Amino acid sequence: MSLRIEHRIGKLAMQLALFEEEVEGESFPFALAEKSGYQFCKGKVGSMDAHKVVAAIETAAKKEQIIDGSFYRETHALYHAIIEAMQGVTRGQVQLGTVLRTVGLNFAIIRGKPYDNEREGEWIAVALYGTIGAPVRGLEHETLGLGINHI
Amino acid sequence: MSLRIEHRIGKLAMQLALFEEEVEGESFPFALAEKSGYQFCKGKVGSMDAHKVVAAIETAAKKEQIIDGSFYRETHALYHAIIEAMQGVTRGQVQLGTVLRTVGLNFAIIRGKPYDNEREGEWIAVALYGTIGAPVRGLEHETLGLGINHI
Amino acid sequence: MSLRIEHRIGKLAMQLALFEEEVEGESFPFALAEKSGYQFCKGKVGSMDAHKVVAAIETAAKKEQIIDGSFYRETHALYHAIIEAMQGVTRGQVQLGTVLRTVGLNFAIIRGKPYDNEREGEWIAVALYGTIGAPVRGLEHETLGLGINHI
Amino acid sequence: MSLRIEHRIGKLAMQLALFEEEVEGESFPFALAEKSGYQFCKGKVGSMDAHKVVAAIETAAKKEQIIDGSFYRETHALYHAIIEAMQGVTRGQVQLGTVLRTVGLNFAIIRGKPYDNEREGEWIAVALYGTIGAPVRGLEHETLGLGINHI
Amino acid sequence: MSLRIEHRIGKLAMQLALFEEEVEGESFPFALAEKSGYQFCKGKVGSMDAHKVVAAIETAAKKEQIIDGSFYRETHALYHAIIEAMQGVTRGQVQLGTVLRTVGLNFAIIRGKPYDNEREGEWIAVALYGTIGAPVRGLEHETLGLGINHI
Amino acid sequence: MSLRIEHRIGKLAMQLALFEEEVEGESFPFALAEKSGYQFCKGKVGSMDAHKVVAAIETAAKKEQIIDGSFYRETHALYHAIIEAMQGVTRGQVQLGTVLRTVGLNFAIIRGKPYDNEREGEWIAVALYGTIGAPVRGLEHETLGLGINHI
């Protein structure tokens, strides 16, 4: 692919979402630290409401200045990336509590220029990793999703 | 979560799908090698036909003896895991060429017992990572998906 | 419900689709025979192409004069009933061979007036019952669906 | 099909859901009574909330000991069977009140071994039959769905 | 197409929904006024709840006597036209607030006979036009949809 | 809405798609001609293949220089706008021939700056209007859709 290997924004976002500090021997995705051109942040959200997942990611992206929330353009790009990532998480219906299930998710957001050609400009990736299941502790399995959009 | 951290079958499957030998400095997902109880395989498939992606993964799973293809039960579990992973990849419609797009994907399949409680039995995870885009080289971005099912 | 119990068009359609002559001791849905006001037909179709399932049902409905194919109105009502029934059969994506699966279905079509109030007019029900699975004999389970529309 | 005719778990579940005691001359699905190997239960639920339909079926399945709710494995198998049945009922969006409609449903759950080959193990079927429509009595038509999963 | 050009019910409905009195120089869709055979009404609704959009359109249709709400038949035809129009508006999931977005919509409903052949009878069209976006003023873009059904 | 009334890109795109030269008394959408800042083109496509509809619109957009096809960024923005417009046209499944239906569509593509704030940059709108129905002349009704994306 014409994406520079070391610039794969989706792979980096997913690695960041998968990374857990508390896991012994796991190292922070090395590539990110080296790429000063990439902006990123990480967070957690747990909810039975899909709209709260969307809101948590949007809030983090604005607070960490990954996007400028005063523009609709950037909000629009991020929103579609979030919904696409949620489709991977929910696999069919972007619904949680309304079909009696809940999620606990790590999220990672990365913004940068993943293509060799400078004119391809900036893109945004939203990666989600965590668990989905019944609203009872332990009745759950892992789930993840990725959304990518030009910004 | 009640999943043993080192047994997270979905995370391991995704890490395996993300792993590329040709990337310098990238190490094979360490955890897998240590877990003799897990069966896994990895492969690649590129197609404009969603059914060829399904077939490639099913064929690999049977050939590598991850599932016993002579049982419907195991085929059924794998099929649903594949379709769920494809929903993450396609984000809305499990369609490729019929909506003028194509994929190039790494896939990883893992089978094992991810839960502490032995009686939860075996589960299967299918992870996909690669690119999706127009049927023109370079007009593509990354995509991924994960499906998990009891088997 | 305000549907006259003995006039439940959906239940009758499903019973008709479930009925198999070759099953010993199984009797033809009694209610239908007694309701001269209802028109109905029954058929079979097996395919990996969703459009062939649609075509088989439309053809039977016209040939058996359940609908008058020279009107768009009646074709439109039947088409939506078929697609709704197929959603029950396919559960998520109205796709068969494109996601590597095939169906073998009995279908039943009934037309009549199921409501007490004469002015509710005629309705059409399409019921499907059979198997869905991999394109390999035996790797399949049962599936069914029902579509109902005013006509 | 390789399903033993008398063991068709989906057909039996649907017949059970369709069966109404109050309908004169209607006999209880005979086959079920003869199959001591099958576990089953029946219930009713009416709601504008999809999650309440899911909850009612899960609760009945646990209370009637069709599944062992202390395992995630069994809960997971049942959950997917319920959602698949709801896709037949809702035909497109697993939504009720959020799109201003309500359901009144009979449900039947059956667990057993429908395949000749003993090694195919146990499967679970969830059948739904009732009405869907506006939240006004009488403004409704019939609907049904079936979900089948290995357990 | 065999629809009489001047009778295109969908086009007229959309033109009516697009029409804004406050826009200087914009004239009321001329064709409608001339067609005494067509019944129509227009209204506005803004909400984060999809069911409120459905309710607002149903209420207007009954109040303006476009449909006779005492029949299920007419309510059923209208309901499906509304949901189809909402699919154009929402493009993928008929969800608003549950995925953190809101709409402000003009709606137009037209009932009449758009086909040359008198026997094709009456049809109903529901057109929606407005904005969709985040629940923050200005973070929105235009959206529209059309649903057509026989009645 | 904060969209300048005379700059509503979606409304203009829809008006352009609705406009038919052959209809007596119908005037070309006036606003477009006055807005030298907007680029637009119009075309027609009829097919049973969804991918041919996508291809026809993409080809026109490139040939008429609405987008620069040598960039993935612009192709990506256009592709999503097309798929969103097709969701309005197909209302549920972005499928045509695979569910035995065909379309005949006018399409309009507009690119420009619809927001007062210059920094919101360029957006693209794809509007579709025509008929959908059985692959038999006359068995069809109108359909339309709109997709809008930042570019």
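Of note:
Chains here go by letter, A, B, C, D, E and F, matching the order in which they are written, and residues are numbered from 1 within each.
As a working rule, a contact is a pair of C-beta atoms (placed from the backbone, for glycine too) under 8 Å apart; a residue touches a chain by one contact, two chains touch by 3 or more.
Note that this is a predicted model, so its numbers are computed, not measured.
Between C-E and the choices B-F, D-E or B-D, the pair with more than half the same contact pairs by residue number is B-D.
Taking only C-alpha atoms, you rotate chain D by 120 degrees to land it on chain E; that is to the nearest 5. The pairing of chain A with chain E is characterised as different-residue: of all residue numbers used at this interface, under half are used by both copies. Distance from the chain D centre to the chain F centre is 43 Å, each centre being the mean of its Cα atoms.
Averaging C-alpha coordinates per chain places the centre of chain C 36 Å away from that of chain F. Centroid to centroid, with C-alpha atoms defining each point, chain A and chain B lie 19 Å apart. For this pair, chain A with chain F, the centres built from the Cα atoms lie 30 Å apart. In chain C, 72, 76, 92-93, 95, 98, 138, 140-141 are the positions where the chain touches two or more neighbouring chains simultaneously. Arrangement of the chains shown, judged by which pairs touch: an irregular graph that fits none of the line, ring, star or complete shapes.
Chains touching one another form the pairs A-B, A-D, A-E, A-F, B-C, B-D, B-F, C-D, C-E, C-F, D-E, E-F. Chain contact summary for the complex, chain E toward chain F: residues 1-3, 5-6, 8-11, 14-15, 18, 20, 22-23, 25, 30, 84, 87-89, 91-92, 104, 114, 123, 125, 129, 131, 137-138, 140-148.
Contact residues on chain C toward chain F in their complex (touch as defined above): 49-51, 54-55, 58, 72, 75-76, 79, 83, 86, 93-95, 98.
Within the complex, the chain F residues that touch chain A are 71-73, 76-77, 80, 115, 117, 119-121, 150. Residues of chain D that touch chain E in their complex: 93, 95, 97-101, 133-134, 138-141.
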